[in-house]
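In what follows, structures are represented as structure tokens.
Each of the next two complexes has subunit A plus one other chain: subunit B in the first, subunit C in the second.
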Partner chain A sequence: MKALLKHTALAALIGLSAPSLASLAYVSNEKDDTISIIDTETREVVETIDVGARPRGILLSKDHTRLYICASDDDTVQVLDLATRTIIDTLPSGEDPEQFALHPNNKHLYISNEDDAIVTVVDVSSKEVLAQIDVGIEPEGMAVSPDGRWAVNTSETTSMLHWINTETFRIEKNIVVGQRPRHVEFSKDSKIAWASAEIGGTVHIIDVDKLEQIHEMTFKVPGVNQDRVQPVGIELTSDGKYAFVALGPSNHVAVVDAKTYEVLDYLLVGARVWQLDLDKDEKHLYTTNGVSGDVSIIDVDDLKVIKSIKVGRYPWGVVIDPTT
Partner chain B sequence: MYRRYLRSFAVGAFIALSAASLAAQPVDVSIGYVQWIPDQGPVLSNVTPEPDDGGLRGAELALEDNSTTGRFLGHTYALTSQVTDSEEAAVAAFDSLQQSGIELFVVNVPASTIRTFMARAGAQTLVFNAGAEDDPLRTADCPANLVHTIPSHAMLTDALGQWLNQRRWNKLFLITGPTEADIAWASAFRRSARRFGLDIVEDKPWTFDADLRRTASKELPLFTQADDYDAVVVADVRGDFGEYVPFNTWLPRPVVGTQGMSPVAWHRVVESWGAAQLQNRFRDLAKRQMNGADYAAWAAVRSIGTSVTELGTADPRAIREFLFSDRFQLAAFKGRKLTYRDWNGQLRQPIPLVHPRGLVARAPFEGYLHPNTDMDTLGFDKPESKCRINN
Partner chain C sequence: MSPAQYWHCFVGIQTREWLRFWQQRTRFASALVRPLLWLVVFAAGFRAVLGISIIPPYDTYITYETYIAPGLCGMIILFNSMQGALSMVYDRELGSMRVLLMSPLPRPFLLVTKLLAMGVVSVGQVYVFLVLALLVDVEPPLWGYLAVLPALVLTSLMLGALGLLIATWIKQLENFAGVMNFVIFPMFFMSSALYPLWRMNEASPWLYWICQFNPFTHAVEAIRFSLYLEWNPMAYGITAAITVVLTLLATAGFRPQRTRILGTKPA
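Right, the complex of A and B next:
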């Protein structure tokens, strides 16, 4: 009797403490002004939260308690508390924030201000603007190296990677890449950076020690017009085995050998695939498909698409919380 | 507003200007812009007049885009613009800009004036046509140093023809206005109709000698009487009577062409592929919406900027060679990389089909095949053009 009671109490406690035990994926819906929350066990949308106008880039705080949201048309970054699923704060962001990256110190947020040709650095705890750095036209992709040394911004119309020293907030190097660079992803050891160029149709591999390009990848999806092969999001497995590259309106994700830079396969997903994220065991890759309004799930071991989940209109970013 | 607030917020912190640049060699790029748009005469429909700086403001925006990029490379750009009110003044402006050493031009003038310019142009002067849609400039006697960023009439009407064909709206009532431009647009459409298997069941000129004691809206139902048609196609380039055709047709049918749903180089309703950002930047600069002439001038100045960024020189010969090389690609907010046709210098581009408040579709459409690029299903393809400006 006593044992049974304890059980019940425990169950009740669990029920209260967290919305779910399963790992959760968060998806920003650019044209719906919402965030869809997907339960990665049941692979269903469990909740849709209203947020600011035109949510695009999203990321998790390093302690996984908050989700930062670029509400582009509200010219602000919103802070979503994940336990209560409410917006608890906003950060000054500069105009039209699109993408951002959080320094490993969990404090410095680097934000691309697309309409202003500026990168704004904000301290997320004091909400102080630490610097505004002039970059090229339409800054878009933002990444901070895992070792915290570099912040990299891509400017779409200028077609450059701007390498910002995170101690001085000054640009130390500009690298010209293909037309419309969209996204930068660092290898776990911070030695290699991958940068996609949407209109160029290329992915540029940069040696971070030398700040030089060491390789340029192109893609050929069978049966798809070459103009529609437009690399956007990039995701790397932490074992250094694979890179996944979202190829936009070709509706495919390229599977790349991360050591030889050879394309191993092209996987058909939804229409205009944009951003990617791996789940906590890196067993599944989630893709946002802007035009078809859904998320595809790829099984990383089998390299097969196993499911698509309907979300809001124009899903843009996806992040998976590894702790829940 | 917000920007200012934030900027002052950042005082005390600092604005880090990138001193570090890639550049070894500074490059100064001088571009001339010459505009002359003949008076269109009075029009019945003048509710939304065309801006008189169409084209110019697009060139200015692209100059800002180029300069921002150039800042990191030690490249500087200057635009000298001359908006003139007669052909003589336009020619004089072109001459004097050439004498001042400018060899890169963006021009927004009629086709005949472009011919005059090209006859007076120096051996390596490179001219971008951002205003004249006339097909003959692309099909015969193409000057070797003239390229076109504005789509031709044939590209526009092929976009419309493809759309009508895929909708299976094959029977068409064509109304053609009296101006030279109307007649040129209509003959381009007749060619498109043949290409895409469309049937022009009525082909009537709008002559203005109809009994105009009634208003246009009373005249049009009678004017469009016919057994049957799927859509009415209007060729009224300057926007005289065309605005009165929708909802005034004899049969309840949609109106397409220069009014109703139109194929255009650019329009404020285009927002995909990052276009929303270009539209925002343009509105900030010009305090109005971006039109086709603005887009064409923007694309011309950006073509120069993209080339200079890659080449590190402003030599017009080198730029011309680069424009036609495999390495050239223009990111121009139409979802595809844009390139120049090597036979006649036309910039390949998708064509939006729009109504005043929305995007309907974007040509080329799936299923219209071409051995090289489906964008060459729009306009005069290589075998249809006599021009070979690169050999």
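Right, the complex of A and C next:
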């Protein structure tokens, strides 16, 4: 009721503008083979779109007109046109794509192929495979630095970060981290990279200029068994103030001071929290909670969880379109 | 009788209740220690237990501390009301209740005023408890503290009337132990204070129905919903209806001449 009143008041304020202006969040539901679209104003699911089998990693094109979807069990990357909300194309991805990252040039898509121990680089416009790079066993996380210089892949079994030069498509450095590294996130200035290790229960902070680890973080969630504390998704605020770390089956998100690497708080969200994304003014953080099948919204100023929204079964990835 | 005389009497009874309360400050402390122990010690072990389902009025996952806080507010009122009932037995035995009832004002007015006076003391304790609960991150919205006031007063009236009704049945002071075992504990445990009703239903359907028929459940839900700025007409309606019935029964049944002082024969 309160949300409704607030929304009505807001709608009145902006002159009853069309609901299409509201910012939208896209959530991939791994078990339902769908994408849920959430209106970030009303905080409700406005549409659910059928996509390929087992959608996991999702990301927006740099011009925010397309959503790329790793349809893992279809062994392809699908292209969803956001204006028409239809799948307009598929890209060759190699087998079982799980996570991927788009180069700032908006062309080169780096895809990790878990079963083949390779990273496939695809040109999204020509649909050409530019390179297939051998990496460690079970490649998983994928990130490209905002300055476009580095692509980083994490290999789960080898427990390494592979630093790929984006001009030569060759690995220039391997950094050993905690067991089963899952995800890498760069600071906006490309100087620092954060990498989570799921089984190791650690987050590794890497100086990108020196390609050296400068800090290793561990987490202790009160009242939760240590083996359930499994860091996965990471999200950084662009002001360099906070890092948020999704702690998997501990059902908590850690709030970290991004300068001192101190954990400030643990916020209770749904079961098996997986990936995170901030909305356009970085006021709210969205989390996907796989086992409980919902998305929790965290108020970044208050550091409080304000709402959880039911989506499909096993939500995996979330991205918020900053233009809408 | 003029309104001024009613007011004078009202203020008199209120003042007496606060005076009694002030003289028994340890009672104040113990009334807070009990729910705080539940909140800090008991709930700590169940911290993440409820993180599997979202139930109204909550918008997201909550810690167990957050869940039981409204139930513990109800617990404070429940214990106070029953202790109030004890004090009325005590008053009756020492005759001070008779003095009160000698007032020319109508007896229902005197009794309801007495219940309200007891209620106000309980509500004060509940607010102190809620402030202390902030320390374990039980943080309802700011306006919730105001919105919960009617629910707290209604709950105090309902449980006060129940206490009064029991007080008319109790013949001897020692029977308070019985009240603890047969009224306070069953009312508290067989309610939604400790576990949400869906969980009770999973455990055993008959227990769920006992909880549903327990007025304390509805009082706790009225407190819970208003604390989180949600309106629950059913919980409020049932609590209000039971309050009216219990008050009518208690005021009609309260007969000072039925009482006797321990060791004396009834007249």
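Rule of thumb we're sticking to: the second predicted complex is superposed on the first by the 305 of 324 C-alpha atoms of A that agree within 3 Å, B and C clash if a C-alpha of one lies under 4 Å from a C-alpha of the other, contacts with A are read in each partner's own complex, and residues count from 1 in each chain.
One rule holds for everything that comes next: a residue touches a chain if its C-beta (ideal position, glycine included) is under 8 Å from a C-beta of that chain, and two chains touch if they have at least 3 such contacts.
It should be emphasised that the depicted structure is a prediction, and the values quoted were computed from it without experimental measurement.
Student: Contact-wise, after the overlay, does A:N251 reach subunit B, subunit C, both or neither (first, second, both, neither)?
Tutor: So A:N251 only meets subunit C here.
Student: In this superposed model, does subunit C or subunit B come into contact with more residues of subunit A?
Tutor: Between subunit B and subunit C, the winner on subunit A residue contacts is B.
Student: In the overlay, answer first, second, both or neither for which of subunit B and subunit C A:D75 touches.
Tutor: first
Student: After the superposition on A, what does A:T157 contact: first (subunit B), second (subunit C), both or neither?
Tutor: In the superposition, A:T157 touches subunit B alone.
Student: Using the superposition on A, tell me which residues of subunit A are in contact with subunit B and, in the other complex, with subunit C.
Tutor: No residue sits in both footprints.
Student: In the complex formed with subunit B, which residues of subunit A make contact?
Tutor: Residues 75, 92, 94-96, 114-117, 120, 128-138, 155-160, 162, 168-176, 178-180, 198-201, 225, 227-228, 249 of subunit A touch subunit B in their complex.
Student: Taking the complex as given, what residues does subunit B use to touch subunit A?
Tutor: Those residues of subunit B that touch subunit A are 2-3, 6-7, 9-10, 13-22, 64-65, 68-69, 71-73, 274, 277, 280-281, 284, 302, 306, 309-310, 329-331, 335-337, 373-375.
Student: For the complex, give me every residue of subunit A touching subunit C.
Tutor: Where subunit A meets subunit C, its residues are 1-2, 222-224, 251, 268-271, 292, 294, 296-297, 304-308.
Student: Over in the complex, which subunit C residues touch subunit A? Could you list them?
Tutor: Of all residues in subunit C, those touching subunit A are 44-45, 47-48, 51-52, 54, 59-63, 139, 229-231.
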